[in-house]
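Okay, structure first, notes after.
Chain lettering (A, B, C, D and E) follows the sequence in which the chains are written, and residue indices restart at 1 in each chain.
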Amino acid sequence: MTSPLLQVRGLTVQFRTDRGFVNAVDSVSLNVDAGETLAVVGESGSGKSVTALSLLRLVPSPQGRIVAGEVIFDGQDLLTLDDRQMRAVRGNRIAMIFQEPMSSLNPTLTMGLQVAEPFSIHDGTPWAAALGKAKTLLDRVRIPDSGARLAAYPHQFSGGMRQRVMIAMALACRPRMIIADEPTTALDVTVQAQILDLLKELTQETRSALILITHDLGVVARYADRVCVMYAGRIVETGTARDIYERASHPYTRALMASIPRLDRDTATRLEPIEGYPPSLAQLPPGCAFHPRCRFAADPCGRRVPMLEKIGERHHRACFVDAAV
Amino acid sequence: MQAYIIRRLLALVPTLLFTSVIVFITVRLIPGDVIDLMLTENDIGATRQSRVQIEAALGFDKPMHVQYFRWIGAVLLDGDLGRSLWQTTPVTELVMERLAVTFELGLMALLIALIVALPLGAYSAMRQDTIGDYVGRSFAILMLAIPGFWKATMIMVFPSIWWGWAPEVEFTPFRDDPLRHLGQMLIPAAILGTAMSAVTMRMTRTMMLEVLRQDYIRTAWAKGLGEKLVVMRHALRNALIPVVTVIGLQAPLLIGGTVIMEQIFVIPGMGLLLLEAVSQRDYPIITGVFLVVGVAVLLINLLVDLSYGLLDPKVRYA
Amino acid sequence: ENGETPRYGGALNIGSVYVTLSALSWDPYDWNWKVNHDTGFYFEQLIAGDLSKSRKNGGKHRFVADASLPSDGLRGELAESWEWEANPLALVFKLRRGIMWPEKPGVMKTREFVADDVVFSFNRLNTSPRKQADYFDFVDRVEARDRHTVVFHMKAFNAEWGARFGWGYNSAIVPKELVDAGPSNWKNATGTGPFQIAEFVQGGFQTYVKNPDYWDKERIGNTDYRLPFVDKVTYRTIKDTATQLTALRSGKLDILESVGWRSVDELKKSAPTLLWSKRLSTLGQYVALRVDSKPFDDIRVRRALNMAVNKDEIVAAYYGGNAEMLGFPMYTDWTGYYQPLAEMPPSVKQLFTYDPQKAKELLKDAGYPNGFTTKMQFCTCSPAHGDLAPMIAAYLEKIGVRIELQPMEYGAFLSAMTTRKNAPMYLMNKGHTNPTMTIRTNFVTGQLWNPSQWSDAAFDRKMADVYATRDEAERQRMLREMTVHMLDQAPYIWLPTAYLYAAWWPWVKNYDGELSVGAVRPGPIYARIWIDQELKRKMGF
Amino acid sequence: MPPSENDAPLLCVERLKVHFPLYKGVIFKRRVGAAQAVDGVSFTLRAGETLGLVGESGCGKSTTGLAVLRMTEVNDGRVVFEGRDITRLDRAGMQPIRRRMQMVYQDPYGSLNPRMPVADIIGEPLAVHGLAPGKAERRERARELLQMVGLRADMIDRYPHEFSGGQRQRIGIARAIAVHPGLLICDEPVSALDVSIQAQVVNLFEDLQERFGMAYIFIAHDLAVVRHVSDRIAVMYLGRIVEVAASADLYRQPLHPYTQALLAAIPIPDPAAEAARPRQIVAGEVPSVLRPPSGCRFHTRCPKAMPVCARIEPVLAGEGGTHAVACHLHNAVEGEAA
Amino acid sequence: MVEVAQPATGALTSRRRDAGPFVRFIVRLVREKPLGAFGAAIFLLFLACGLLADVVAPHGMNQINPIARLKPPSLQAPLGTDSLGRDMLSRVLYGAQLSVIIGFSAAAIATVISVVLGVLTGYLGGKVDMVVQRFVDAWMSFPDLVLLIVVVSVIGPGMPQVIGLLGLLFGIAGSRIVRGAVISVRENMYVHAAQSTGASTLRILWHHILPNVTPIVIVLFTTRVGAVILAESGLSFIGLGVPPPAPTWGGMLSGAGRVFMYDAPWLALAPGICLTLVVYAVNVFGDALRDLLDPRLRSAP
């Protein structure tokens, strides 16, 4: 097997807070192959965005920092690159779509400029041409009237439109890998489908990779090749989409699956959230972070931290108990 | 927006009229009126009769409102600012002569200030709490704390004593020798400019610190932009509103002149004109300078306000 | 001079006595004192100081007093001679012949200067709405007896006649053509004098160029030289003292007419070849005490205050010896009028001797055993007063007089005096002007410049007598007496008068720091200066 | 959940229009047109009812919400809230009404003051409307609210930047529900939440509705969630409402071709089913709000478009007001039938 | 390698929470911003010197001794003597009293005026802005010199006047800076959000606008302190300053300090260095304050 496009090993990210150091991401390891779509799902606040940010070394400093780990992309450890080398990676070989489309666009610059910018810096395209390309990109992400919208400012766009602009920006330089942090939360299903199809097409065309962070398990089901489930800064289960949907093995994953509202169910029934509260990162429970909420929690859970173990061909999980099955 | 500009331009008229009334009257209320001064300057035992005589000659025997309407009438109808009480030179001529020089000095100073302040402020913010930041801030603080007259005097005194070199002390009008003229303006402009740069630099720094924590700056980094572009294109502009305001506040210097620099570097500018006019109670000159400076201040402030809209598209004009 | 032959040409850069002041006006009609300084280059007067009698030429006069000329130091300028006629009283001037008004394009064609010009100029000045009301009242009328004779018909004799229309502030002879063309515009200005105005930048400089048709000559060795020698004279207006000195030091000024004693040492070090002359300042210094109010209505208090200020220390330490204990109200150069301190009666000398003990006793006698508190105003326009005021306050504090210092801006300061609202103590400078005026303006009832509000009918009458007295020796005697009386009455705290210096480079020849040949009018002095340009080059400038 | 028996509607929106003028030029700006973000939207909402608002991105959902709150200028039409026409009320007039309606903003981070700790953010509406006088009391309430939205009470002293996207969204929700408003406009309230939390929040919404009779305008893209919470659903397209129906009806029998397309595009959380499903996506160029198409606004992309669609604008009509649609296809047919 | 928070830390944290906010602030200042703490210390030192000038100054402020004038620093007079033979050390100490107080209070007044005017006009906009800002325009074009002379003639010179006048002069012009900042803040979503909760204008100004313009206000204030101290010397120039013999640093610099720049450089150096130090102190403290007040930079030990 050829080595994966992206290989993350033992990534740990810390934040300094009033309450001391917290590990927002704790020893995360994952691989992404070229042409593959990896979905990252998990509880809100479980460290998905921070993991994504740290791949591009964009963790907000000074309060946050990457304290350990390796991010090997295309054979290079990104964490050891100097600024200039890193610049050549960002936006060019790895592009990122941020979760907050509203605040991630510069309010004082026109959309045209912001979308055309990557062309100009990485490919040296002259501005006029870059703007032309920007228009094409906006068309591809289905912004209506893209020509006129090039001169508009972010506040004149709806939430979904901004999100699509973010996506357009990421697509600009045909990156080898796209990290998309909840890219379609503000999009209606039709546009969402078009955009995700577009992303998928691009990844397959150029054999690039897509890391898709999302809460929409429908989207995961449709687009992901593999899935990573995170909880409290750690990966608790990973496997192919089918593994996860059909053979979910970690109690958290199973609970997650159970709380999806489904069109094929009666609306009068109440949705079933997971009991209890997500733990405080500053005071993680000892052992498995999920055990206080786990219906299957057993003896070792409260004492030792479970490691990811292989349970299927590409299926791993971090759990002591044989839940489930 | 047009409506706003038009309203602002219209507001200029009552503002100036209102202020001009106040200036016109206060100037005449300064203790020690021009007649007193003329009498004392003539040095030779003046009497009550001399006073009445001079008052009549200068038209001060008329009631204040008549004097005002005469003056403002001439200003509005003929653009005539009156004549100097002492020299009988037309004020318009005096003011125009000075305006060019002062404006030039001010503009040079402003440019120097910006050239120093913006990069330094941005740099300091980018490298917060590093040696570079400390040096930059210390520079700004020194500029705040060392008065301009002090720097100017140092430059005037020491080089001539130690090395026999001295800045130009003969004012060369631009039309006589442009190069020499500009060279002469350079030192005072630099001193003024660095002094002006201090506040601007600190404003820039603090605003940049605000902006640099915004998400869209992270986006810019993620695009692979270099530091320069991130700062110049993405951050600076968002930080610029207060900075532009500070510059706008300093801009009246462009027109109003700076007495001390003019004095030390022998530049016949507006500041000295006004200073002399005030100490001689030459009312028409004071009011004339006021009108010119007033129009300039109002226009500069309008420009500053308009620039908000350019810098931040969300700003609306109501 | 030293057998050197004068040379023509070159330009002279001068930092004048009024180096901070640009021209205020170009028309004598404005009745502004400074006009005489700036137009004195090209307007001439009937009479002027006789420079052949200057110290430099072996005479006894220094021509540094700003607005007075000694009666034995006069010569006719536009007038060749003058004489009195009695009954009716009249003064007859014979004018020089062949003096030409130069050609001035757009203003006038060249023509001869004649008696009508004098009549015209006098009448014009006399009808100016800005004139001092009774200034020319002693003159009945002026007429041209013939083309070269002018008669001033007098109502009465006035001892100041020379200063009023002969060589003083308001004595310039102006051509009618200039008045028609617009006299307030310097571009029109023209006159019979040695120079013509060429350029003026308000607050920057004013340049005068040689008048090639100037009539006067200077005898050097045995040769008569046509004047002026230099092609161009430039007055530079420099506000800042440091800049003035730098300009001199770097040779951008050939002459700096006024250098404070403080700067002299440094300049002598950094520019050792400069030449110097020293003169007493023509501004007297004093603290006026308002005698119309308590506690200064009591002469004991006034005298006590004089004794409490250590004037010796001020001269020795503050002025570093560069001051004269007694230089006011009479100027030291005014022979016959001025009496040195040594010749003064003991009671006057006492006022100049530091004696705090005696001062305290006097205060006690006057009913102020614990002193009192009062206010002193001074002008922020004078840096020296910024020092002197706290110094005086500190001295007086020692005898229990506490002073609240009140610095004031120039205009407000002066107006406090003219409107008689000045504080009980008022620290000021006052020009001497001339021997009669210095006594009249300071001490005659109701005068503008009488900040102590001194008022004494007998004294006023005596002053009127002085004006009417034709014999100068008698006038001198009267004025000396009045001076001693006033010193003794101590309406002021008399303060030392400082020395000033003039400095010029060695290439400036035929010059010895003279300032004025009339009332602040230096034109003829500059006309006689010549420049040794070779020397200048050799010295590296 | 049964709609309240009280027949007077809580909110009545009539022919609402919001147009954003567009300018060209730097200083001397010319008006070059207007984005017709909302163009004649009408609907009513009873107390305790939930109206789902779905539609294509950029079709004017947020703007409608903001207009109801009077947070954006209304060009035309009326907003009647609790029997009062609030369209022209001034600031002071709106103040007491604000307590009765609150909004969860689509941009969670932007709508949180970066210099305010969460306690104050959530406590603010309480303080504003004098519902919890003491600071301590407000803090206590804020803790409760945090827990209600699935956050831990100990996060109360944190600042917005210290939260993840989903956590921020929940802070916005907590702030909005703090005063138990009569009307809550939720603009994508659960989009950034994982399904578990989403379930918890949706349950919370339902509880609140039950306890306080709150009415919701629920804007969302996740049609499963919308169906779950809504009594009725309005489908918007390009500034207009094209279909309104009780939620069950809408899903069972979508009438408007756009609605049909929308439902067909919903992804199903099952890889096997997804793989088997045919893909159908509304094709065609998305029209612009700057220059909306003539006639039916959807006709440019409608698979069933008829010639009349390009000319005549269909009106929103339907039987008994329970299921209305603006489509020539149906209105014509139903019209004939009736 | 990885420091995971121990319960002990939590206890520590809570204990620190118990301390008053002021104490907590000081602790943070010292720990996180040593330079800022240093600045605060210097400033307090000068303030103390100023307040205790009567006690610590070896001589009176107007104790002249012309014989010993312009003496360079020596054991008797550690900072030399001035042109009247007064002890520079004493004058600089008394100067601290005046200059620090003037600088601080005038800058404070100016800042308050700027903030009130700027926040109101910037936030309310519309007519209020139009009218009030035209007054600001008028004020800015009014020749200061004339104003100052008139004011001094009416109320006379003195320290309260100086403070009030400088406060007013700087304050009104400065309102434009605050206004500019407010204009860019007021369009933020969170302000709209607060409006939509029904928050009163005052509340929005106080809780939303003001905290987000504090960095600007801090810079405004800290830069003004120096400017005011220097401006006072300009006032002395026209007789509105604090009347002599009371020593102000600005006055010492522009007066004897400049005249004797060459012969007696210590006359300027002493007040100059003090002035620079105070300005430096205030500014670094301001910078530290700015960071400490920014929650986005909050970080624990």
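Going forward, contacts are C-beta pairs under 8 Å (C-beta built on N, C-alpha and C of every residue); 3 or more make two chains touch, one makes a residue touch a chain.
Note that the coordinates shown come from a computational prediction; the quantities given were computed from them, not determined experimentally.
Path length between subunit D and subunit E in the chain contact graph, taken as the least number of steps between touching chains: 1. Least step count on the touch graph, subunit A to subunit C: 2.
Annotation: 48 Å between the Cα-based centres of subunit A and subunit E. Note on chain placement: the centre of subunit C and the centre of subunit D lie 90 Å apart, centres being C-alpha means.
Taking each chain's centre as the average of its CA atoms, subunit B and subunit E sit 23 Å apart.
One inter-chain figure worth recording: subunit A and subunit B are separated by 54 Å, centre to centre, where each centre is the mean of the chain's CA atoms. Across the assembly, subunit A contributes 17-18, 60, 100, 102-103, 155 as residues in contact with two or more other chains. Multi-chain contact residues of subunit B (touching two or more other chains): 30-31, 153, 157, 161, 213, 215, 238, 278, 311-312, 314. In subunit E, 149, 153, 187, 189, 258, 261-262, 294, 296, 298 are the positions where the chain touches two or more neighbouring chains simultaneously. Put simply, subunit E touches subunit D in their complex at residues 188-201, 203, 207-208, 211-212, 214, 293-296, 298. If you check the complex, the residues on subunit B that touch subunit C are 30-33, 36-47, 49-50, 53-54, 56-57, 86-89, 94, 97-98, 153, 156-157, 160-161, 164-167, 169-171, 173, 262-269, 272-273, 276, 278-281. For subunit D in complex with subunit E, the touching residues are 69, 71, 91, 94-99, 102-103, 105, 107, 110-117, 120, 124-125, 127-129, 159, 161, 175, 179.
If you check the complex, the residues on subunit A that touch subunit B are 53, 56, 58, 60, 83, 87-92, 95-96, 98, 100, 103-109, 117-118, 121-122, 153, 155, 166, 169.
Across the interface of their complex, subunit E is touched by residues 241-242, 262, 266, 310, 313-314, 316-318, 379-380, 383, 386-387, 389-391, 393-395, 397, 404-409, 411-413 of subunit C.
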